[in-house]
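Both complexes shown next keep chain A, but they swap its partner, so chain B is in the first and chain C is in the second.
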Partner chain A sequence: MSFLTAERLRLLVPVLSLALLLGAVFYLQPRTMSYTGLNLLFNLAVPITLATIAQMLIMMVNDLDLSMGTFVSFVACVTATFLQSDPIIGFLILAGCIAAYAALGVIIHLRNLPSIVVTLGMSFVWGGLAVLLLPTPGGTAPDWIRWLMTSKPPLVPMAIVASVLIAVVAHFVVMRSAIGVVLRGVGGNERSVQRAGWSVVRARALAYALAGLFAVLAGMTLVGLTTSADANIALRYTLLSIAGVILGGGEFVGGRVSPIGAVVGALTLTLAAAFLSFLRISPDWQIGAQGAILIVVLALRLALNRREARGTRK
Partner chain B sequence: MNKALVLSVLTVALFSTTALAETSGKRIALSNNYAGNSWRQAMLTSWDTVTKPAVEAGTVAAADAFTTAENQATEQAAQIQNLILQGYDAIVVNAASPTALNGAVKEACDAGIIVVSFDGIVTEPCAWRIAVDFKQMGRNQLDFLAAKLPGGGNLLEIRGLAGVSVDDEIHAGIEDGLAKHPSFKVVGSVNGDWAQDVAQKAVAGILPSLPDDIVAVVTQGGDGYGAAQAFAAAGRTVPTIIMGNREDELKWWKEQKNANGYETYSVSIAPGVSTLAFWVAQQILDGADVPKELVVPLVEVTQANLEDQLAVTGAGSVTNVEYTLEDTQATIAAAK
Partner chain C sequence: MRAILAKPWVWSFFAAGGVWLVTIMFTGGASTLGLSQAALTFAAFSIIVGLGQMFVITLGPGNVDLSIPATMTLAGTAALKVMDTSDGMVLAGIAVALAVGITIGVFNYALIKLLRIPPIIATLSSSFIVQSAAIWYNRGIRIKPPDVLSQFATASTFGVPNVAIVALVISALAWVILEKGIYGRWVSAIGQNMRAARLAGVPVDGTRFATYVLCAVLAALAGFLLSCFSGGAALNMGAEYLLTSIAVVVIGGTAVAGGFANVPGIWGASLFLFLVVSMLNTYGASAGVRMLFTGVIIIGVVVAASRKPAA
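Let's turn to the complex of A and B:
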């Protein structure tokens, strides 16, 4: 029972900050309190959410992916070019990308390399490939992705449906499935996972492949929203995804992650930017204000963590 | 009674010329992706100087400027969607990417919002585009030289940053001009990267290998002053160097003009093009028939207006022009 409370407490801060921001946005701009309003507010959060889940899967095994932004940009370029003109080649390239992510996991594990160095190097590879594919911005989104991202489900807007769906799927894979426990175990205590007879290299490869899959989905949904791509389209996603995971209650080490928290974190980040824009804060102050919101949320979490730690000691 | 009637007729006449009635309730937003150099700073300042009086006079209800915290297309797309939610009637955009904002721009159009892009334009067909004709900048240089030096002669070309489309376009314009005026011949070409120090070094490097009868230097802006320094340092007569409206270039030109009657020509784009975009948006809201593709007028500094233009050029800045409603109507009429 007390364990459950700790877990819930962890999720409480991001959920409360999201609710608070949403309330503030509704108050500042009542227009957002509608079907179209919510969709406009959150539809660009869908690819960020997917990228955040991808980053969370990497952080789950105690690694960090600094190539997330360039990788999503590259996927966006593939989606707007090959996936549109030759879907088969397009899907093969994207499958190859996921395989490349799995291979990265294997290399990082076998050679015991620091993931930030490997992924930083890979960020130049993905960036270079994206520029080769689309030297000038362009391309077209495949019709079906465009249809999906602009679809209007009854009652609840697409952006909300997608966010809930992503959270539920990620929650079941990471928190409820047997393999999810092993994956989190790799981050928590690698040796005990190994002693229990699991292959850690296979687990890490799987975590990376899953991350690759979510990052590919991020790139595809992004193009579905923007209609065409640009080699630099998603560079912001590297830092946004890390911030989203942390904001949502995840930690850099120890396999302590929360998929629902990560989705809420990504939505909070998106909403924070909208909130500042509605407040009409001058651009010179916006970065600072965005940082201030992050610090407030993280400070709250730190305070709760302290309480949690005191609770366990008792 | 009679007086009041005359007055009211006069007021109506006055109001109808400024189209006050139609757009006084409309709100226009500027979505800008970057504010980190002097050109963009001048652009934002111009926006303020022109739109504040327009708001005070009641021409429009609001004209707010928004700059994204970081120069990223995804952030600007989110910003545009937030502007839609804030209920603006028109959004003026200087875009981070010609294509990556198309989804957000489409959302705006679908919501009945007028979108006018300028400088950094967007390709979405429902938006208006105010583009820069860099080719014309190249052609104008040769046209000026042909008028000044009917005999033709050898030219040195200073290009911009290699691999950037702007450099290709200005160069293509210069090639066009050379085809039109075949008496001129480019005998040397260097990259000046639109920076005075780079241009000075590059020109100093190539000068010894060039014939003595260089009559003129064609440039891309931001490189003319450096070229002049290089010629002077080599002890050669300074030829006619085309300038690019930078303050240091115009100042040097004025000094030479006062000392020895030096003659040249200078051309570039004014940061005040943001105000042109503002009036274009206002005109569209007013119901005017505006073509989707407009071209930014080039700002030319000539022998006759050098002093005036230098006076409106801030230290370390570029010659600026703030557009009025009448200028904008003339630009629109010219595009039809």
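Let's turn to the complex of A and C:
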């Protein structure tokens, strides 16, 4: 039974939900079982996946980022304007954004602030900046991002290749690298990490900077898919990213996160939208059905966790 | 005097007063009455939802109600449709709004308790369902509120807007419950240490249940008043109150980690947030600049109010 470690068991529900949903979509619309079909199904998955990983990195250190949606929107606006017209200024702005995230981590840590409130304030800041930059929808995606996001690798669609790549990179950084252990330790037991001689400020700053990096990538890839941007383009991402992490088996506290699970969770949420439209559910109830799917998956997880708890007691 | 200055909520009133003065000075005193009345009116809605959110946040880390906007929308929509502009149906409309609030509150806590979902995700999921229900029920038709109600909601008594009076009555009740009633003690006790509260015999489940229901009912009431005030329910009318409800609680000096709440701060913070926006408006700032400043101010207040962590 060494194959079924607790870590892998946690992945079981998200993977099963995704498989079940994918099966249902294939059953409802067999034409999706093709290169083009899969490409269309998972088209928007890449930015959502990246934003979910970013949220996961924040949740790993016991914080929560309520500004994810407005931040990704702001990055999208920068990508569609400065990055296209003056790439150097564009990259400087984006680098500044990542630095701002690191600074947030430092402030939150040093002043012992609640992350929910600080990121809530930041959501106004990013939202305001985005509106100032692009008061009306517009801009153009830089050609190379557009090329990257619409490229067609052989056999497997771009969205799936990218998702696997993101999962692998995040898995190695968070679960396998030495610094990943320290970062998860900050979420698990901050004091013991400190006593072991690590700087918790630096660790939190790094976690936030990494999250900023992934969120910047989310905004850039989003513009690559949509070709233009507006200030409200990604507002849903705040809630989607939190839901994706939770669906993937992550916890709000304790540094218990799963990068592969988060990617699977994000894919499940992307697919849920397609599934609902194939079911011909009235558009009125589409959002509600997404809420219901979230509840069902969490109920499944509860059932499995209980079984797991019973198993360890034996 | 020192005792008053030590209260966590005085700063929000100082800030609100300061912004009020600056705005009045800019306009040369021309709009003093209008500005004050508008501030009281619009703050009233944030105060009502903020009070509910305050009780929920006081329950401790992780407790926050994200279903407030959806609840406001559904309650306003359903009540207006039931009343169907008829003055005789006002009581029925209020009853419907309250019933919507109670139902959502019960549903929220059922998810939290039975499925052991973190409150953020539970209220988020239920808000999706509630929002869909509102879309389905509303069908994009804008029904006007009964004349009696729209007159009541937009009029003033002795110069004070009626909605502000409603908010004042609710705040007074909330203050009594929080400071003098056993329920308020229980909420604070749970927020300070849930395990200790349970061991001390506090009915933890019952109190948390009542708190989520209370929050949803207050949100429903605010939605009802807002739809009467603005002449009809709109699907996005609750949207801005998600962030506002949390922001007024925090700026008002309630501990975000839970355990310590205060009612007056909600008033100071609500007035402050509205006045900042109207001050920026009088200076002719664009929407982007207004948002930027609101965010910087929220962060600035939180950083200034924070205490250095114990070494």
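Methods note: the second predicted complex is superposed on the first by the 305 of 314 C-alpha atoms of A that agree within 3 Å, B and C clash if a C-alpha of one lies under 4 Å from a C-alpha of the other, contacts with A are read in each partner's own complex, and residues count from 1 in each chain.
Everything that follows uses one rule, which is that a contact is a pair of C-beta atoms (placed from the backbone, for glycine too) under 8 Å apart; a residue touches a chain by one contact, two chains touch by 3 or more.
From a predicted model like this one, the values you see are computed outputs, not experimental measurements.
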Which of chain B and chain C A:Val118 touches, first, second, both or neither: second
Chain B versus chain C as contact partner of A:Gly127, first or second or both or neither: second
Chain B versus chain C as contact partner of A:Thr227, first or second or both or neither: first
First (chain B), second (chain C), both or neither touched by A:Val173: neither
Touched partner set for A:Val161, first chain B, second chain C, both or neither: neither
Superposed model, chain A: greater residue contact from chain B or chain C: C
Which superposed partner A:Asn43 touches (first chain B, second chain C, both, neither): first
Touching partner for A:Ile287 - first (chain B), second (chain C), both, neither: both
Chain B and chain C contact sites that coincide on chain A, given as residue numbers: 286-287, 290
In the complex, chain A residues that touch chain B: 29, 31-32, 36-37, 40-41, 43-44, 136-139, 222, 225-230, 232-237, 270, 273-274, 277-278, 280, 283, 286-287, 290
In the complex, chain A residues that touch chain C: 64, 107, 111-114, 116-118, 120-133, 135, 239, 242-243, 246, 252-253, 282, 284-292, 294-295, 298-299, 302
Chain C residues touching chain A - in the complex, by the definition given at the top: 62, 64, 111, 115-118, 120-121, 124-133, 135-136, 243, 246-247, 250, 256-257, 286-299, 302-303, 306-309
Touching residues on chain B, where the partner in the complex is chain A: 35, 64, 66-70, 72-75, 77-79, 81-87, 97-104, 106-107, 111, 123-124, 165
